[in-house]
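One chain, chain A, links the two complexes that follow: it is found with chain B in the first and with chain C in the second.
So, the complex of A and B:
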C-alpha cells in the first residue's frame, strides 16, 4: 500500500509506535549521527544526504557482546542470548537494509543459526528512507543496490518536501500506517520521479560483469602492493562497513564472561597464528583480502556481491583510499608486463 | 597547480633523476573528494600525480619506519613532520644520512569534515589560497576563510617551519603563539576532578577501537602494541568503558616526551574523539619539569628515555619537585 506521512506528524506517529515498539532512529552525536533509541526528547537526523557514520549492522550484531557468563569456581554456565524484542529501525538507508540481508546469509542460513542475530532480527521492522540526494562517496548503483532499492525493507519512505511518500513492502508493518491517508496516483508519480532522478544522479563507476574472474586472475600480482602502500592498517573501513562480519571470541576471565567483539582482517593480529606464522604478513595481503572478500569470495559463499556501496570506507579512510578506484585498478590490471609499460 | 606544488615536484624530480634517493614520500591527487593521498614516488614520470595543498592531512613521517634504515628517502616535511622525523631519528628508527627532507613552511591542515559540513560532498574542484579555500560545489561556489577550517592542532601550532630540512621551499613563517596550546591544557587542568573524568569518559567511550589513532601516529611503531598482546592480555578486549579507558590512557602515556602535537591521531579518528588534550598535557609537563619538547632536534633523548645521576627523584619517599 502507499500512504502519505506528513512530516509534522512524524514525531507524534513515532511516539505512538513507541508504546509498543522500541524505536531506533538516526540522531546526532556531536558532528555525526548514529542509530539511537527514540525518546520524547529525541531530535532525528533525517535531512543529511549521507548515512549514519556508525553502521546499522550494530543494531543486530553489536561491536562487543557478552555471549556467555561463567563462574570459574562453581563451573556454572549461563547463556546471555537476548530475548526477541519488538523494534522499529526508522530511517535506515537502502544500502544498510540490503547489508542486513547479506548478513542473514552469514548468521541465519543453513546450519548457521546464530541465536543472537536471530533474536534481534525476528521482530525488528526496517522502515527505510530513500536517498534523494546521493553523495559523491556513495556508489550503490554500482553494487546491485540503489538509492531507493527496497531489499530488506518493510517500508520505504520517499521525501517529497512536506510529506513522506510511504510504500509498505511487508504485511507485518501494514497496521503501523493504516491510519494514514493513502497516496494518490499523482503523488506516486512525483515519488517515482524523485527516485528516478536520484538513481540517475549516481552513474555506475564500474560494471560487475566478470569482476570476480578479473580479480581472481590478479590474486598474486604486484598490484596489491601498490594499492595498499598508503594503507595504515587501521580498522575504520571494516568496522564502519555494513557487511563486514568478522568477530573474535575472548574470555574476559576476571569478569567471567565470554565476549564476541568485531574483528578485522586489516589487523596484523587477525591472521597471526600461535606458531607466530602469519599467512597475511603485510598490508598487501590484508588489503587484498578485504577487497577480494567483498568482490570475489562473497559470490562463492552467498552468490552475491558483498558490498552495498554505502561509501563509509571511502568517506572515512584516514589516507583517502577509495575502494572504487582500487577495484577499478585491480580489475583492469591484467599482467605485470603490461603494467611495466 | 600552485607555485609551491611546482617547486616540490621539481625538487622530487631532481632527487629521483640524480639518483639521490630511492623513493620520495609526498602526496598524490585524490580519488575521493578533498582527500589527497600519501604517495610513494620511485619514477620521475609518476610525479605528474603529485599534489600539495592544505588538505594533505597525514603525517608522512608515519611511513618512515616501514623502510629499512638503508633506504634513501626523500620526504616532504612540514613543521610537525620534521619534528616527528627528528624524534624517530633519536629513537634510531632511521639514519639521518639516508634522509633528504624537503621542507615546507606550513600554513595549517584543513579539516575536510569542516569543509563538507559547509559545502556538501558534491565537489567539482577546489583551490587552497593564502587566506581562503575556494570550493566549487555543483550548485554553488564557496569562499571559506581558511583559518576557521584548520584542524584544532594546527590552529594552535607553535612551530610551523621545518627545523632541519635539507631544503626549504617557500618563505619561513612567523612562529605560532605558544600560549594557545598551553591555554587549552590549562583549561582542562582547571576543571574539577569530576569534570575531567566526565570529559575523558565522553571522549574515550565513543571509541570503536579501530586503532586509526595508533596507525596514523609516527611514534606508534611497536611491532606488537600492548592491546594486541594476549599472553597475558593487558586490557579488556571490547568497547566497554574499561577497554576504551585503558586504551586511551595507556596510548597517551606511551607518548610522553615523544608526541610532537601534530594531531594526526585526531584527524584519523572516525568518531571525532579528542585525544590531544591528553598528549598536550604530557607535552606541557615535559616542558615544565624538564624543559624538553619532543622533536626539536635529532639528538636529545626524551627525559623518560634518558638516565642521569641528577635526575629528579620526586617519586621517591620524601622527594620533592625542584
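So, the complex of A and C:
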C-alpha cells in the first residue's frame, strides 16, 4: 500500500509506535549521526545525504557480545540468551538494509545458524528512507543496489518536501501505517520522479559484469602492492563496512564470559598462526583479501556481490583510499599489462 | 526473512572430562588427552557425525579455544583423543590438565577424509610431526576388521625429527607384526638403536616408491614436508585427484562464519580441512 506521512506528524507517529516497539533512528552525536533509541527528547537526523557513520549491522551483530558464560571451577557452561525485542529501525538507508540481507546469508542460512542474529532479526522491522540526494561517496547504483532499492525493507519512505511518500513492502508493517491517508496517483508519480532523478544522479562507476573473473586473474599480480601502498592498516574500512562480518572469540576471564568481537582482516595478527607463519604478512595480501572477498568470493558464497556501495570505506579512510578506484584499477590491470607488452 | 530464533548456540562447547593425559614425546612438547563426554546425548551426537580427518575446538575456559585434529577412531571407545603440541596459551593450559579435569569441546568440525570415495583403493598414508595425529585416527579406522575389507593395501609412512618425538610408539610398534599393512618410520638424522629409515619424509617416499595404481595418497605434516612430498608423489605417477592433504590455518569459529581461515573462496574449517591436490591447485596462492 502507499501512504502519505506528513513530516509534522512524524514525531507523534513515532511516539505512538514506541508504546509497543523500541524505535531506533539516526540521531546526531557530535559530528556524526548514529542509530539510537527514540525518546521524547530525540531529535532525528534524516536530512543528511549520507549514511550513519556506524553501520546498521551493529543493531543485529553488536561490536561486542557475550555468547556464553562459564564457571571455571565447576565447568558449568551456559549459553547467553539471544535478545529478542520488538523493534523498528526507522530511517535505515537502502544500502544498509540490503547489507543486512547479505549478512543473513552468513548468519541465518544453512548449517549452524546464529541464534543471536536470528532473534534480533525476527522481530525487527526495517523502515527505510530512500536517498533523494545521493552524495559523492555513494555508488549503490554500481553494486546491485540503488538509492531507492527495497531489498530487506518492510517499508520505504521517499522525501517529497512536506510529506514522506510511504510504500509498504511487507504485510507485517501494514498496521503501522493504516491510519494514514493513502497516497494518490499524482503523489506516486512525483515520488517516482524523485526516485528516478536520484538514480540518474549516480551514474555507474563500473560494470560488475566480468569483474570477478578479472580480479581472480590478477590475484598474484603486483597491482595489489601498488593499491595498498598508502594503507595504514587501521581497519576502519572493515569495522564501518555494513557487510563485513569477521569476528573473534575471546574469553573474558574476570567475568567468566566468552565474547564475540568484530575483527578485521586488515590487521596482521588476524591471520597470524601459532607457528608464526602468516599467510597474509603484508598490507598487499590484506588489501587484496578485503577487495577480493567483497568483489569475488561473495559471488561464490552467496551468488551476490558483497559490497552495497554505501561509501563508508571511502568516506572514513584516513588516507583517502577509494574502493571504487581500487576495483577499477585492479580489474583493468590485466588488459593494461597486455597493452604494455 | 529469518523467523526461527530457536536454534542452538553453535559456539557453545559440550562439557568433557579428561580421562587420561600423558606425554607423547620425551621432550614433553606433545601431550595426548583422552576425553570422555559428560552427557550421553553429546556422545551420541558426536559419534553420529564423526569421520577421521575432522577436528574439534578444545576450550579451556578463561584462555580460549584451540583447533585440534581428532587422533582416535570411533571403535576405540567412548572417548575422543587429541595430541596437543605446546605452542600458545591455550595449548599450554591444555597441557596442564589432569585426569578428572573438565574442559569444553566443539565438534566434530570440517569435512574429514572422503572415505566413501576411497572404497576399494590402496591407501598410502604419509605423515610427519604432530600432524600425523589425524592419520593415526585414519589408520586405526581402517585397521578395524569391519572396515578393513573396504580398502586395498595399506601403507603408512611416518616421519619425526627424532625418535623421542615419535608418537603412539607402542601401538605403532605392533603394526610391524600385522600382515594387512606396511609401516615405515623415519627420523631426520641417525640415532643409536634406530633400525628404521633415516631421512626426510619426501626422500623416504621416493625411496619406498609406493605404486600409484588404484591408490590414493594422504599427506599431513608440517608445511615444508607437505610442500616437497606432493611433487614427489606427482613424479611417482599419482594424479592430483588421488593426492589429499589436510590444511591448518588460524581459526576461531570453525563454522565458516568468523572469516579468517579462507583460501580464496574456500573456508578451511568448513570446506576442508581435507582437500585433494586437484582442488588446491584450483585455489589462489593464499597459503
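General observations
The rule is short, and it goes like this: the second predicted complex is superposed on the first by the 332 of 341 C-alpha atoms of A that agree within 3 Å, B and C clash if a C-alpha of one lies under 4 Å from a C-alpha of the other, contacts with A are read in each partner's own complex, and residues count from 1 in each chain.
Everything that follows uses one rule, which is that contacts are C-beta pairs under 8 Å (C-beta built on N, C-alpha and C of every residue); 3 or more make two chains touch, one makes a residue touch a chain.
It should be emphasised that the depicted structure is a prediction, and the values quoted were computed from it without experimental measurement.
Aligning the shared chain A places chain B and chain C next to each other free of steric conflict. Of the two partner chains placed around the shared chain by superposition, chain B is the only one that A:31 touches, whereas chain C remains out of contact. Once the two complexes are overlaid on the shared chain, A:49 sits against chain B while remaining clear of chain C. Which of chain B and chain C touches more residues of chain A is settled by the count: it is C.
In the superposition on chain A, no contact is made by A:86 with either chain B or chain C. In the superposition on chain A, contact of A:16 is made with neither chain B nor chain C. Aligning the two complexes via chain A yields an angle of 90° at the C-alpha centre of chain A, spanning the centres of chain B and chain C, rounded to a multiple of 10. Contacts of A:239 after superposition on the shared chain: chain B is touched, whereas chain C is not.
Judged by the touch definition given at the top, the superposed model places A:279 against chain C, while chain B stays out of reach. Contact with both chain B and chain C is seen for A:250 once the two complexes are overlaid on the shared chain. When the two structures are aligned on the shared chain, A:322 is found in touch with chain B, with no touch to chain C. Using the contact criterion defined above for the overlaid structures, shared-chain residue A:63 touches chain B, although it does not reach chain C. Smallest inter-chain Cα distance, chain B versus chain C, after superposition on the shared chain: 6 Å.
In the superposition on chain A, the residues of chain A contacted by chain B and by chain C overlap at 248, 250.
On the side of chain A, the complex with chain C involves touching residues 67-68, 70-72, 74-75, 77, 79-80, 82, 84, 104, 106-108, 111-115, 117-119, 121-122, 170, 216, 219-220, 245-251, 253, 256, 258, 260, 263, 265, 270-275, 277, 279-280, 285, 289, 292-293, 296-297, 300-301.
Those residues of chain C that touch chain A in the complex are listed here as 1-13, 15, 38, 61-65, 87-88, 91, 102-104, 223, 248-250, 252-253, 255-260, 262-265, 284-287. The touching residues of chain B, counted against chain A in their complex, run 30-33, 35-40, 57-58, 62-63, 113, 117, 120-123, 206, 208-212, 214-216, 224, 228, 230, 233, 236-240, 243, 267-268, 270-272.
Only residues 29-32, 49-50, 53-54, 63-64, 135-137, 229-230, 232-236, 239-240, 248, 250, 252, 255, 259, 261, 264, 267-269, 314-322, 324-325 of chain A touch chain B when the two sit together in their complex.
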